[in-house]
Structure formats: structure tokens, C-alpha cells
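Each of the next two complexes has subunit A plus one other chain: subunit B in the first, subunit C in the second.
Take a look at the complex of A and B:
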């Protein structure tokens, strides 16, 4: 039972990494909190559901479409909202309130359009029967979702550390003003990071029916808390930190569900508070220089 | 200090008088009570957000702690309503003390950690494993102490005290020190302001206010569920009302509550999704174009908003 809990925790951890990845990228680059992150995940879930229900599209195919479509959706949102927000006096704080507004808009439209009923995609679409991994039987859908998540993390890592734009992005993460002063087109780098962050949230949404249970317009809040816990446990801006946070979160969640199931939903909150109080910069974080 | 008294007389007293007389001419007392409750919550949030810049996203945690402090005192100690109100305040204060270390965090980290803390309290109280103590997710019934007229009066009294506190903060040494901390903590500390102490006082005061609001809420409606008492909308409404009117003023949050909660009651009750949509758009526009609230329209032109 312990081995099963730990292994399925690692599998879920890979997925939770993906859930936090987009949020982390946006916060790392722009220092704004995308409180609508969970609702973008919800939209991704509904996109996958409708593509499956209406045209029978395989979720792996939908994930490509969702990635592209959500990135394109993110760009206009960025240009409408973010530059103006970043010019404000206390943009980090105001971003929470602003994206709360965005979240309300998304949730209201989703409720009006889709109703409040639960939608799900059967797990067998991703493959039949349990998969035997290290002597433990796991649903194929879990393993496929985790594999896609790992692929996404690897691509983000390559983007940040092996491409020119990625180097510029990391420069903006470290110090926005100095990046601007050294001639980096901060606005374009940020727009790109924002679009990628939204696309990653959509991708996480495509696989959420298999990992988080059925999709409803109101699911965003819970997704948000999990995503916050993941990125805070790791450290902001660094995809490796998110990976570590995701794995810790996944394993802890599975252990709680196995041994203390009545209190399992307390976990993200307690983990988040504990890590913030002990190490506000996250487990991999370096000391932040403060004025 | 004399200016504080003047502001109180100009802004708070007419409002309090109107709310005291309103039940005589308007029969929907619950709606009036909700207005009072949101006025209290908005001003309590104003005390911490407006004066220190800390955004307590989980402000509802104190409200819920107060509501359950009241309910548990009535259910298990057979306390009289006024004693139970004291328990509500103590419960929220105790939670505030426990959460004081969160003030070490800054910016978004504080807001998120506070939200997580409020959720954690909710999950503990609503947990079926604690059904014997808190009645878990099934809610509490306090019909033995139900007294709508008296609890309305007590709520009005809390509002009066809260408004007095904000008027005092705006003009007293402490409030000015807090605003200096908000603008630049390092410079304020160098100028001899006791940063940590000031912050903690404001934090505990606003926790106490929310707890009392929660207690009087429990008393007035007397039947409620944990998800009602810990509804995140309480935090959100208080934040948006305060921001809409203008934080760190006495008049701003009042305007916010009267206008926005009024709007909510006109369209929100029948079609909540459409209200949610309008509300979302309003919040986005507000942050982008009027981040300092309605009050800034006047202050920009050189008027002092009480």
C-alpha cells in the first residue's frame, strides 16, 4: 500500500507540476498573480470534453489544438490588461484583484454557456486496462497524463535554458528594470511568457478529467489552491522547482488519501502555509534581495 | 484629533442614524442587516488593507471564526448572547494571533497564505470527524437566542465603533505611522516608527472587527452552514467594496457598500451569473482605470475625502 501510494503520488506529482507550471512562468516573469489560472484549466477541460463529445477527437490531439488556441487567446488578454497593470503602483497586489475579476468573468460565461452539470471523459479513451509499473498497477490514463506533463516540463526547460528568447526571459525574471535598461524588449518577452503560461494551463485542463475528476465551471478555485501550493513549495520562476514542488505535493496528497483520507483536503493549505513560513522563497529558492 | 471627531460627525453619524431609523419605514430587515454587516467588514478590511497595504484574501476566516465562536459558546456553554459575542471576538482574535507570523510575508505571498489559512480553518470546522463539536458540514441552529431587533442594534453598535476606529486611525499617530510603513517600510523604520508593532495592532484590530461581525451574523440569522460562514464572497465583497470607494478613507468603503451591494441586490438575486459577469468586468475596469477608488476622483482635484 505504501509503495502504491508513493508511486501514484509521483505520477500525480508530474501532473501537478504541469498544473503549476503556467502560473509559475507568469508570476516569475511579470510578478503578477494569475488568479484566473484555475479557470483557464477549467476551459481547457471543457475544450477537451466538447472536442471529444462532438467530433470524437482523442485528448492527445485536442491537447495540440488547445495549446495553440490558448496561446493565441492569451496574447490579446496580455496586451489588453498586463502593460497597464504593470504601470500601476502596487501591481502585484492589484493583479490578484484584477485576475479575480477575470476569473469571475470566465466562470460566469462558462456557467451561462455550459450549465452547472459535471462533464467527464472516460479514462479508457487514453488506453485500456491497468499498466504494471514497478510491480504496481496504475490506470493507463494516469501514466499518459504524467508522460505528457513531463514532456511539457522538458519543453519549457529547453525553452528557458537552450533558446535565445529563453535567456532573455530569464533576464526579465531576475530583474525587470535592468533587463529593460540593457535593451531587452521586455514587453514582447512578457507577452510570450504570458501566452505560454495560458497555453500550459489549457494543456493541464485537457488532462484534468482523468486526474482531478469531472469538469464543472466552478472547479477553478480548487485547482488554483493546488497550483499555488505546488509553485510555492518549489520556487518561483524555476521549472525545476515546480517539478520538485509537484512531486512533493503529489506524494503527500496520495499518502494523506491513503492513511488519513478524512483530512486529505487540508493538505494543500497546510503545506502552503508551512513552506511559506519556513522558507518564503521555496525549497530551491535563493535569497531574494530586498531594498 | 479634532478633525477625526469632525469627520465622524459628518460621515458616520448620518449613516448610523439612517440605519437606525430604516427598519421603521422599510420591512426587509435582513437586507438592512446585510448592509450593516458589509459596512463593518469593509471598514475592518480597510483598517488592515487601507492603512498597511496587506491584502487579507482570507479575511472571511476571521468572520467564520467569529460566527463559530458565537455558535459554540451558545451550544456548549449555554452562554447568553452578549457573552457569546465576546467569545466570537476572542475566537477571531486568537486566530489573528496564530496567523500573525504571516505578516512576515509580503505582497502576493501574504494574500495567498492568508487565503490558504482561511480555507484550512473552514476545512477543520466543516470536517465530519468533528461533528460532535462543530456539527461538521450540517450547520448549526441557534434558535434559543434568536433576537432580531436586539442583534440589529448590536450590529449597529459594532459599526459605530468600527467607524470611530477608522476615523481615529486616519488622524491619530498610529494611523499615520501605518501609512508611512505602507509607503516605505524601510524609511519608516529609520524614522523611528515601530513597524512590527503597528502592523500587528492593525492586524489584530481588523481580525477582531471581522470576528464581531461574524458573531452578530450568527446571532441574527441563527441557522447557518459552514460554507455560509466561510463563503469566500465575504472576503471578495469586502475587498472590492473598499477598493471601489477608496481605501484609507472613511467615506470610500461606505460608498462602495451602498453602491455595489445595492447593485447586487437589484440584479444579483434573480440572475447570479449575470451579476457575476458584470461584477467581474467592473473589477477589471476598476483596477485598470481607477485603482485608488472613487475617492481618488476628489483627491486628485485637491479635495480631502473624509
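Take a look at the complex of A and C:
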């Protein structure tokens, strides 16, 4: 039981790294809190569902389309909203209020458009039967979702640490004003980071029916809570911390389900409270400003 | 600024972790009520009830029906079908000139005032209060499901307003000191699983399957069902042994680890009791894990069959045991439409609504039928007279879900659902074989099919 819980937790944690990654990238670069993140994940889930239901598109193919489409969707949203937010005196606080409103709007529109019933894609689409890993049986769909998540994390890492625009992005993360003073097109870098963040949320949505059982317009709130727990554990603004936070969250959740199942839904809140009280900067907090 | 964000997140986490406690207040002793109704209203009785009597009070312009529904949030998928089923009944009644209201001796149009509580119990509490004190509704209907009904029960009782409870089956709602509630369309959770535990202790045990695992969601609905089943299986002389018994939060969306933990207890029978989303996730994870149990029972394949079939698929549902509701077992109604007629009306009205037709849609319609019969029978619109009228229907009203029957606390004890097993039908459909009780059975159970 313990081995299965830990292994499942690591696999689940990889997926939740992906869920939190986009949220953390946006906060790291722009210092805005996207409370609509969970609803973007939900839109990704419905995009994948409809692509599968209407044209039979495989979720792996859908993920490429969703990545591109959501990135393109993110750009106009950025230019419409974020520069005005950043020009405000209290942009972080304003972003919480603004994106809370956006979240409500997205959920309402999705409910009207898609209805309230649960939707999902058959798990067999990603592979039949369980996959035996280190002596434990895991759903193939979980392993595939985790693998895609790891690939996305690796690509974000390469973008941030092995590309010129990534270097500029990290410069903006460290100090937006100094980056601006040194001639970096902060707006353009931020727009790109915002688009990538939205695209990552959409990608996480594609695999959510496999990891979370089904998708509904109401799923955004729970996803948000888990995503915030993940990035706060690691550290706000640091993608490497997101990986650590995701794995800790996943393993802790599975251990809770195994030994204290009735209390498992308290876990995100407990982790959030514990980290915020003991180490408010997150486990990798010291490195945030030096990214 | 970072500190402010941290404080905000801390506050949000604390708020999310906290749950409001709803205190029960003592109420006057139950009033003993006699019957006012000797059977369902046929056409002649309806006309008789509608006949103007001298000295009757002046009729209002309309009968206001207060209701809550959740168009979003985790309970939307069980709440919206109830709302639309009720709305369909109201529209049909109004198309025919309204409902017969005995105290006024004529038909009156119905006005449905339904607020959206967004699956939030706090909002449901506020809106219940608003319906009673501001809208001054004549009849009050709770939202669907036990979680959202729970908040309306004490408020209705405090205001001495009779609460029509469509599907909130939590046993705690019904007590001798609260005359202001009746459960209409689902059996109370303490009674609902009766056929299930009888089946486990008889046919299933006789087949050598005696080790039972219970996995339930911790809410009033499934928590009470689990408690009833547990008590019955632990009763002296029971041939059944419970080898796994755990609750999980209703928000649980993955069961892979839990299935592994259950398998470690080596049960013959697994009972998973949850809401729609729980059952979907459980059955999907079970299928994907490759784990097999001789018998698996879940609630919603028989309650929201269409939704489960779309999400879990024919293969995932094959062999699963569930309640067999009116969706798959025909009860000849003496009041209202048959299942086929109702489904036809639903499809005509809501085909593009995105809300699936299922048991909860029927529950909404049945709620309307009970309301209609109540109005036709009540001596006045005073709430205890309304209660008297509802209780007079007990044991006599027969709708498309069976016989409406209340115990003295207002809990539904009729309309019990038999136990069935799912088998594939056609290329992607399913059908239920009723396996218990024997008087209703249409076939034998096949164990080891899951």
C-alpha cells in the first residue's frame, strides 16, 4: 500500500506540476495572481472533449492544438488586461479581484454552453490495461499524462534557461524595473510568458479527464486550490519550485488517501497554511528573486 | 505586497477549510394530523375540488412556489435536472390554466421563483430566507441533494414554513419535533439501501461472497446510506463481514490508490457510495487499474444512467450492480405522465439544454405532481394544513416512480428501488437485470463479472 501510494503520488504530482506551472510562470514574470487559472484548465478539458467527441481527435493531437490555440488566445487577453493592471498602484491585489471576476464569467459561460453534466474521454484512448511500474500497477492514462507533464516542464526549463528570450524572461522575473531600464522589451517578454502560461493551463486541461475522472464547468475552483498549494509549497515565481511542490502535493495526497482518507480534501489547505506560516517564501523561496 | 498576498492566501485557505455548523433549534411538539385524501384526484374529483364554494376566501392572483437550484458548482449536475423537471410540470399546469387550489375553489396560475445558489450552502441559506421573508412564497421547495437541503431545513422550521424536499435524503432532516418537512422523490437514506443489505445477507452470502468493503463519500446522503448498510451488516447473526470501511471527501476525483487499498483487504464485494462525479472517477479508475472484484455496487449507474454511460462506457459499467430506478423499471402511474411520455416532453423542451435526462429529472417532475395534489387537497394555505394535505397522499399517490409513502417524520419510505446488474446491450448501450427482491427480479446475478 505504501509503495503504491508513493508511486501514484509521484505520477499524480507530475501532473499537478503541469497544473501549477502556468500559474507560477505568470506570477513570476508579471506578479499578477490569475485566479481564473483553474477555469482555463477547464476550458482545455472541454476543448479536448469536443475535439474527441466531434472529430475523434486523439488527446495527444488535441494537446498540440490546444497549446497553440490557447497561446494565441492568451496574447490578446494579455494586451487587453495586463498592461493596465501593471500600471495600477496595487497591481497584485487588483489582479486577484479582476481574475476572480473573469473566473466567474468563464464558469457561467461554460455552464450555459456545455451544460452541467460531467464529460470525459475514455481512458483506453491513451492505452489499455494497467502499466506495471516498479511492481505497482498504474493506469496507462496516468503515466501518459505524467510523461506529457514532464515533457512540458522540461520545455519550460529549456525556454527559461537555454534560450535568449528565456534569459530576458528571468531578468524580468528578478526585477521588472531594472529589466526595463536595461532596454529589455518587458511588455513583449511578459506577453510571451502570459501566452505560455495560458497554453500550459490548457494543456493540463486536456489530460484532466484522465487524472480527475471527468470535467465539469465547476471544476475550476478545486483545480485552483490545488495549483496554489503546489506553487506556494515550491515558491511563488520559481518553476523549479513548482516541480518540487507538485511532487510533494501528489505524494502527500495519496498518503492521506491511504491513511486518513476522510481528511484528504483538507490537504491543500493544510499545506498552504503550514508553508505560509513556517516558510512564507516557499521551499525554494530564496532563489525566487535571483532566478 | 508579498506579505499581503501571503495573508490573502492564508485567509482563503482558512475559509476553504472551515465549515459552518448549523445548529438545530427546538421546535414545538409534532401535531397529530388526520388524513384528508382518500386517493389520487381523478377528473371528477378535480372538478369537485375546483367548484366555487360559498364563503371561500378571495383567491390570490397566483400561487408562488419558491425553489432553489444550482446552475453551477459541484451539485449542478444533480440540481439542474430536478429544477427543469419541476419547471416542466409548472409550465404544463399553467398551459392548462393552472393548478386546482382547493381553498379558493378554482384553478390558479403557478409562479415558480427559483434562485440559483451556485452549489453554495451559505448562499442557499440566504436565499431560503429570502424566499420566505421577502418573496413570501406559498410553497417552499429545497434544492436537490442532502448537502444543499441541509441548510434549508432549520430555516424553514424556524419560520414554520413547510419544506418540500425533493431528494435530500439525509436522515437527520427528519425528526418527531419537526413537522415542517417531507421527502418527496427519494427514499430516506436509512431505508433506501434496505434491498441492498438484504441482498448482501441472502443471495450474495449464499454465493460465498461474505467479505464486504465500503467506500463512501462523507456527506449526508452517502454517509447515511453507509451507516445504514454498516449497521445492517453488523447486526447479530449477519453472515457478512466488513473488511474495509472508509470515507472520502465528496470532492475526491481519483480512486487509484483507494482501489489498491481496498484490494489489499481482499473483499468479495465492494460498495462505492458517492455522487455522480465520484462514481465516474471510481469506475474509470477501476477499469484502468485492472483490479477485479467479484461484485461491485455503485449508486449512480441506476440514477443518472445516461451520464454514467457517456463517461464510463459500456465496458466500464458491465457487471456493475446498482439501484434500478424508474428509468429502467416501469411503475404504472395513476397521476401524471408515464416515463415515456415524460421523457418525450423533456426531450422536446430541453434537448439542447446540456442537462442529461435521468432520475433527478423525474424527481423534479414528481415533486411537481406532489405539489399539485397537495394544492388540490389542502384545506387552507396555512403551512400545517399544507403538511396535512401532503401526508394525506401517503400510501395512496402512485406516480411513475412508485407509491408515495411517508413515515410520521416526513421521511419517504415508499418508492424503494430494487437492485439490478448491468449488462451490455447492443453496440454501446446497457440494460439492467433486476436481481433483488425476487418478487421483482428479471434474472439471476452473475458474480465475478467485474
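Methods note: the second predicted complex is superposed on the first by the 286 of 291 C-alpha atoms of A that agree within 3 Å, B and C clash if a C-alpha of one lies under 4 Å from a C-alpha of the other, contacts with A are read in each partner's own complex, and residues count from 1 in each chain.
Keep in mind that, in the parts below, contacts are C-beta pairs under 8 Å (C-beta built on N, C-alpha and C of every residue); 3 or more make two chains touch, one makes a residue touch a chain.
Keep in mind it's a predicted model, so treat the numbers as computed, not measured.
With subunit A as the common reference, subunit B cannot sit beside subunit C without a clash.
With both structures placed on the common chain, the touch criterion links A:228 to subunit B and to subunit C.
Of the two partner chains, neither subunit B nor subunit C is touched by A:245. Of the two partner chains placed around the shared chain by superposition, neither subunit B nor subunit C is touched by A:166. Applying the stated contact rule after C-alpha superposition, one finds that A:85 touches subunit B and leaves subunit C untouched. Using the contact criterion defined above for the overlaid structures, shared-chain residue A:120 touches subunit C, although it does not reach subunit B.
Using the contact criterion defined above for the overlaid structures, shared-chain residue A:272 touches subunit B and also reaches subunit C.
Judged by the number of subunit A residues each one touches, C leads among subunit B and subunit C.
When the shared chain is aligned, subunit C comes close enough to touch A:137, but subunit B does not. Contacts of A:94 after superposition on the shared chain: subunit B is touched, whereas subunit C is not.
Of the two partner chains placed by the overlay, only subunit B lies in contact with A:102; subunit C stays clear of it. In the superposition on chain A, the residues of subunit A contacting both subunit B and subunit C are 33, 90, 92-93, 96, 107-108, 111, 225, 228, 232, 262-263, 265-266, 268-270, 272-273, 276-277, 280.
Residues of subunit B that touch subunit A in their complex: 53, 55, 57, 101-102, 104-105, 107-109, 111-113, 115-117, 119-120, 123-124, 127-129, 186, 232, 236, 239-240, 243, 273-274, 276-277, 279-284, 286-288, 291. Against subunit B, the residues of subunit A that register as touching in their complex are 27, 33, 81, 84-85, 88-90, 92-98, 100-109, 111-112, 221, 225, 228-229, 232, 262-263, 265-266, 268-270, 272-273, 276-277, 280, 291.
Interface residues of subunit A facing subunit C in the complex, by the touch rule stated above, are 1, 4-5, 8-9, 12, 31, 33, 90, 92-93, 96, 107-108, 111, 113-120, 122-123, 129-130, 136-142, 211-214, 216-218, 222, 225, 228, 232, 236, 254, 257-258, 261-266, 268-270, 272-273, 276-277, 280. The touching residues of subunit C, counted against subunit A in their complex, run 1-6, 8-10, 13-14, 16-17, 71-74, 76-77, 79-80, 119, 218, 246-249, 251-254, 256-258, 260-261, 264, 276-278, 280-282, 284-285, 287-291, 307, 310-311, 313, 353-356.
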